[in-house]
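Letters A, B, C and D mark the chains as written, and numbering starts fresh at 1 in each.
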Amino acid sequence: MTFFRTFLSSIADAGRDLLDGRQGRDVKPADMHVLCSDLITQKGEALGTALACTVVDAYREFDEAGKRVFFEMLLMDFDVDQATLNTAIAEYQKAPGPITTQAVALSSESLRQRVIRGVNMAPGGTRAVINMREDLLALLRGNPDLQPVDSDFSHLLSSWFNRGFLELRRIDWSTPANVLEKLITYEAVHEIRDWDDLRRRLDQDRRCYAFFHPALPDEPLIFVEVALVNGLSGSVQNLLDDELPRITAESADTAIFYSISNCQKGLRGISFGNFLIKQVVSELRAELSNLNTFSTLSPIPGFHRWLQERQESDPETSHLLLTLEAPGSIENPDTLSEIQKPLMHLCANYLVNEKRKNGPLNTVARFHLGNGARLERINWLGDVSKKGWAESASLLVNYKYDLAKIETNHEMYANDGTIVYSREIASLLEDVPASHLSKTTP
Amino acid sequence: MTFFRTFLSSIADAGRDLLDGRQGRDVKPADMHVLCSDLITQKGEALGTALACTVVDAYREFDEAGKRVFFEMLLMDFDVDQATLNTAIAEYQKAPGPITTQAVALSSESLRQRVIRGVNMAPGGTRAVINMREDLLALLRGNPDLQPVDSDFSHLLSSWFNRGFLELRRIDWSTPANVLEKLITYEAVHEIRDWDDLRRRLDQDRRCYAFFHPALPDEPLIFVEVALVNGLSGSVQNLLDDELPRITAESADTAIFYSISNCQKGLRGISFGNFLIKQVVSELRAELSNLNTFSTLSPIPGFHRWLQERQESDPETSHLLLTLEAPGSIENPDTLSEIQKPLMHLCANYLVNEKRKNGPLNTVARFHLGNGARLERINWLGDVSKKGWAESASLLVNYKYDLAKIETNHEMYANDGTIVYSREIASLLEDVPASHLSKTTP
Amino acid sequence: MTFFRTFLSSIADAGRDLLDGRQGRDVKPADMHVLCSDLITQKGEALGTALACTVVDAYREFDEAGKRVFFEMLLMDFDVDQATLNTAIAEYQKAPGPITTQAVALSSESLRQRVIRGVNMAPGGTRAVINMREDLLALLRGNPDLQPVDSDFSHLLSSWFNRGFLELRRIDWSTPANVLEKLITYEAVHEIRDWDDLRRRLDQDRRCYAFFHPALPDEPLIFVEVALVNGLSGSVQNLLDDELPRITAESADTAIFYSISNCQKGLRGISFGNFLIKQVVSELRAELSNLNTFSTLSPIPGFHRWLQERQESDPETSHLLLTLEAPGSIENPDTLSEIQKPLMHLCANYLVNEKRKNGPLNTVARFHLGNGARLERINWLGDVSKKGWAESASLLVNYKYDLAKIETNHEMYANDGTIVYSREIASLLEDVPASHLSKTTP
Amino acid sequence: MTFFRTFLSSIADAGRDLLDGRQGRDVKPADMHVLCSDLITQKGEALGTALACTVVDAYREFDEAGKRVFFEMLLMDFDVDQATLNTAIAEYQKAPGPITTQAVALSSESLRQRVIRGVNMAPGGTRAVINMREDLLALLRGNPDLQPVDSDFSHLLSSWFNRGFLELRRIDWSTPANVLEKLITYEAVHEIRDWDDLRRRLDQDRRCYAFFHPALPDEPLIFVEVALVNGLSGSVQNLLDDELPRITAESADTAIFYSISNCQKGLRGISFGNFLIKQVVSELRAELSNLNTFSTLSPIPGFHRWLQERQESDPETSHLLLTLEAPGSIENPDTLSEIQKPLMHLCANYLVNEKRKNGPLNTVARFHLGNGARLERINWLGDVSKKGWAESASLLVNYKYDLAKIETNHEMYANDGTIVYSREIASLLEDVPASHLSKTTP
């Protein structure tokens, strides 16, 4: 224990010097038990944030093995006090009611949560907590027993990253470069090739918005890219084409949300996307009264694989895929006209009728339809990139957000899983050779 | 239900217009059950923050009775689902372990917390949650059954106002007036009479720091006022005297923390003071290397009353008080010299030996000594204001913060309640007529 | 010269230390000749801004006599080089044309202007130049020979404080206190009594705008106070009354400009007021589409004195003044009704018919009418303060700004001195006993 | 004139709408005379900034011919009033003195300056004035008679861009992208290839500073790039190499100013560079006490051409150049060792002994030596880029800034043209075959 005492005194001595993080270097994973214990006692307060800094700095130096030791220690040593919990349960069972319930809640909340709150007190602590969870999510695969630790991180981060604490900021070409480069890094739907590509996406007929949290001022949490156009867009290559002429924002009638990307792996499962889309719709309506349509241009990840899986049992699907994959087929108008209709029919069916639990199998559809959007249009050759082909068989979908109908749509979806779609989609669902129809509607 | 559906559609229609808050006016306390229920289902997300706004706006219009109805509804209708909790407890009792514990924790967390998180999503939601708790604290006295509701508010606010999310800002004469006027409103120790008085406290030989939370950018949570002086200050009237000459900050050797005030009633019990003092010490050390002493100049609330209570059983204390209270006694040097020594002896005893549980009876002493400060000096006629007389019999105390000893002091205090005091205090404790001594040391 | 060389080397040595201004203390007025000479040679550039700092610091320490010495030195030693000027004139006279003219211009520009530009290079140099001119203006009265020095200051300051460099900022209750206190100091029309009075003037139904120059970020140059009301206001006491109810800015139809004050004595004669009024009209129109009338509520400084001067020659004016000055007359409705009409007639005549050169004798009328405003209304008992009585015999005037007519009004005023006034004023001018009329129209 | 009156009324009507600039489109160059005349009468003030906006907008639409017409109109129609000037001259000649001189100055200042001040009043007016001058400089070559117009622009811009109005800002990776891209555009010494190259120049061991003017907040006027290294750097390729390891800023002992670029063509001849270098030296000294050497790494533009010009008369120089230009010579150590010494000798001679007027022929040397720097070192193969070869025969020079000696160096340079150089340069000047020496010293 002498080491630790000396160590801590030196911390107190050092005052502000602490914050440069050097002290953390000498701490081994095994020492973390003592540090974390102190962190959740009054001593944590007595030492100000010095203790939290030490934990943060020490953790940063750990390799993967050290991190696993750390999380396992959190799992084993910072669970609950079972005796206290048992007593609380006994009291509750004697006299169930708000007060005894609360005692159970209190004594069943693991000490880990207090440790995590303690870590968050350090300068840069929120960043550290998110990084810890990112590491933990990676470790979870091989160490499923760590799940309770992740639940504690997830619980606190959900509360801290409550919508009420997020700030919507517009991103444009006057945004600092260290923020902009994160867009390049995190864009997950349509890769940003370079700074010229980025700049085109921030031009006068484009908009980009992101949520930020005050504890991470330079780190977008999620961002959405919007194109201001006339009429529904069906092709992402057109949207990204630097050569095509710009229009003024004031002359557009439609806002196309063509990309939305999460940035922080450590916040997985904490959902911001629905809020972001709706708030951006509100912002755009307020800024540009000329806009009357708000729609996405979305990929259909999994559609190609779904087609491939049908191949064996369905010779027509097999034929379609073979035709599509044949070299030069996309350039051949005859080929295209032959397969376009059946493929779009299949896609409409995939989106509307293929279910998982109560919602669509397709996660993007599930997200937008759950938000109250309407399935509006399927776009032939909407994304002719490699990725577009591999994921979505080169199709793209428009989901339309009509603020006046969001609630009704959502209600119907939530109550009985009804998917609201346009007349055009309805016609795609019907208008198809009998052979296909029979297979896609069970 | 038609009212409600129409109402909500109008919300969705209204989009951004919602935020001006007019919709909330028509909601009665009884309608809140439905709104809060929706807030914690997926519908809350589907409607963006519109629902949360409605709750916030509606609550604002309630009178006290309406607020009580609201909190009672939270108590009764948004507790836990007992069946789920009972099942979780049964599972836990069968196989105690992190996973079953977590299920208990999850099912014993009341739905109220989800409602509060939902309210926080509104623009201005954090302000609304704090205001709700302020109202609730006032209602608690007559309605102690609402305690579990307060525990939920308190739990979430503690987590949200974690030290890691607070921002330290220096307050000076270039701070916006709408923030400065809050100092005048909230100053709880030595009243700020007017803007001239305030300005003197922000002069070149003064410092003022406050914690802010990003969700309340114009609202200080707590602030501390510091005087830069030479040698320990013993009189607050001197510190506040606008006529006395200023020194430069660079020529001071001592920082006197002479006032610390909480600003948000709705955050009662969530402690920032210890962090604030320590971070300000760090800031000042970094800015002004000439400072070598950091000390408070603190009141002794309760000391006068304690003297009065002793009066009956102790004729000498009675004599002291009578002498003090006699008109003109304070101006009379003979009187003063007669009573100074015994009164300061009594004060030292009061601070060191009068206990509640393991700590000093006096709350200010308890706070600073618990933080690791040292009881340094008692100042005769340190505060000759009415309030100073009524609370502290006109004495003031210095608690000294020595960063190098904070941890040791805190440890001694935490382990066995040891109070660390200076040689001067030690001498005060001894140097006293036997009659007093026998009474104060049991 | 050794002193000076050592001195300057120490400056160069000191680098950044220079900026704290201590070196300037040892410089005497007589040394300034050398410093200013260096400032305008290449040496000024070689030494960076150190030399300019020294001049600024030294000047600040001078007493009035020292300052006079300094300005006299500028007058005598930093005029033009006559030989060069004479040559340039000779060339010009030989061949008048743009190039020879420019040579005359160049050689007739005094070296003082280069000195002043040099001083401006110091950090805080613009403040220093303005302060120098303020001192100079005060000295001018007793030292009219310094006029050429003032012309140089005035010429440069006019160019530097060009409208294009000024920034319009709205002042409200969230403005830093160190700026707000300057409003209290500089308000020249209707004194701001204290911070409560100030706060009322920044409330929801008030607006305040100021021009700032980037080199003086905390110093308003000029500010205007506006009341948002319904209908033309006629009484400044009503506008300033803290007890009267507020309206929302969105429900007002009229903006009353009731006070406009210059802040920097050193910028005397450099006019910002006309730009300020017009830009504020533009801002308010853009922010509040509900506003349809923009008018001043202005004093009539000189009117009372003008009445007094007429007294001797005009018994009726003498009678009016005596009646007014009698104790209690203002509270007496009979008295008032007797004198109101003739006094307002006199006032209309004073404003419309009393001329100096081509414009109205009254400077406030001259300013607003020259800007293109219309003389709209005279208000009986518009300002019942002591100052209002002493200056304007308690009357106030509305000048109305109608953007659609500003140019026409201005043209008529500029071409033949026509004063545009309302029907109401026209009627006041006519409706009067013959005795008065005969006297006011020559 | 009806067109113009209607036009102007529509301006006044339009109020704020003016600022979008559409009105300017209908103005032809020939109409500008009327607009500019109004701009310099009181009417300019009466119309607020609307008139200035019209001039700015109209000018922007002119083609080159239109612009020439505009500048010729300024030359001819807005010169001085010769009668007034002649009178002033007559008065001056009768009684020369400050007052009559000032009258000459006043009446010899062309009306153009008032027009330019008027244009500057428009929003964006300063940008417009700079753009006008950029156009004018281009026109000057073919139209030398426009010189007096340029003198007026230059005179005013010099006064407005006085050092005292400039703001030094550090540029780093958190600077907005729209500012950063201007570095890429304007870098004039060592081209910035792309954003990765830029980022390397803004890394932890680099610094970049720029001057900004408040009227052009996103436009750097001039910027300097600095490398923090250990020991004098001799190779710019090393400095720009992204692969080489970084050091921490705190471990460097030397700051190398390796690039300085002007950004605004319209400000040609208005010098900021000397102030920038000296202020950056001050900033770096204040931030990083570990730095003890401040030096440039500069090109020698003109040296290669100078060598080529000597070729004909000097066979040895011819031999050196041929050797250098032979393919592969730079990779051949023998070749290098043969020519290095004589070439560096020639370079030292070029820098020290080749004069134009009283200073070095080489402009970069003239700039730094005039600022008080010392010629420190010549670097063999300091810049092996194409441009480095073409300009400087691949050599680079260090000029060293020693704040303690700047003034002495500058004095010696200014008084008798003495160039201060290091012992190493001295040895280069001597240590050379007699044949060279005889040729370079006349």
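One rule holds in what follows: contacts are C-beta pairs under 8 Å (C-beta built on N, C-alpha and C of every residue); 3 or more make two chains touch, one makes a residue touch a chain.
Worth saying up front: this structure is predicted, and the values here are computed from it rather than measured.
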Would you kindly count the fewest steps from chain A to chain C, each step being a jump to a chain that touches the current one?
2
Please state whether A-D or C-D has more C-beta contact pairs across its interface.
C-D
Computed over C-alpha atoms, the centroid farthest from that of chain B is that of chain D
Report, in whole Å, the distance between the mean C-alpha point of chain B and the mean C-alpha point of chain D.
59
How many Å are there between the centre of chain A and the centre of chain D, using C-alpha atoms for each centre?
49
For chain C and chain D, what's the span in angstrom between their mean Cα positions?
38
Which chain D residues sit where two or more other chains touch them?
none
Quick one: label the inter-chain contact graph as line, ring, star, complete or other.
ring
Full set of chain pairs in contact is A-B, A-D, B-C, C-D
Going by the contact rule set out above, which residues of chain B touch chain C in the complex?
173-180, 194-195, 199, 218
Would you mind writing out the residues of chain D in touch with chain C in their complex?
8-9, 11-13, 15-16, 41-43, 45-49, 52, 75, 79-80, 82, 85, 89, 92-93, 96, 98-99, 101-102, 104-105, 108-110, 117, 120-123, 125-126, 147-148, 151, 156, 159-160, 162-165, 167, 214-215, 271, 274-275, 278-279, 281-282, 285-286, 370-372, 403-408, 410-411, 414
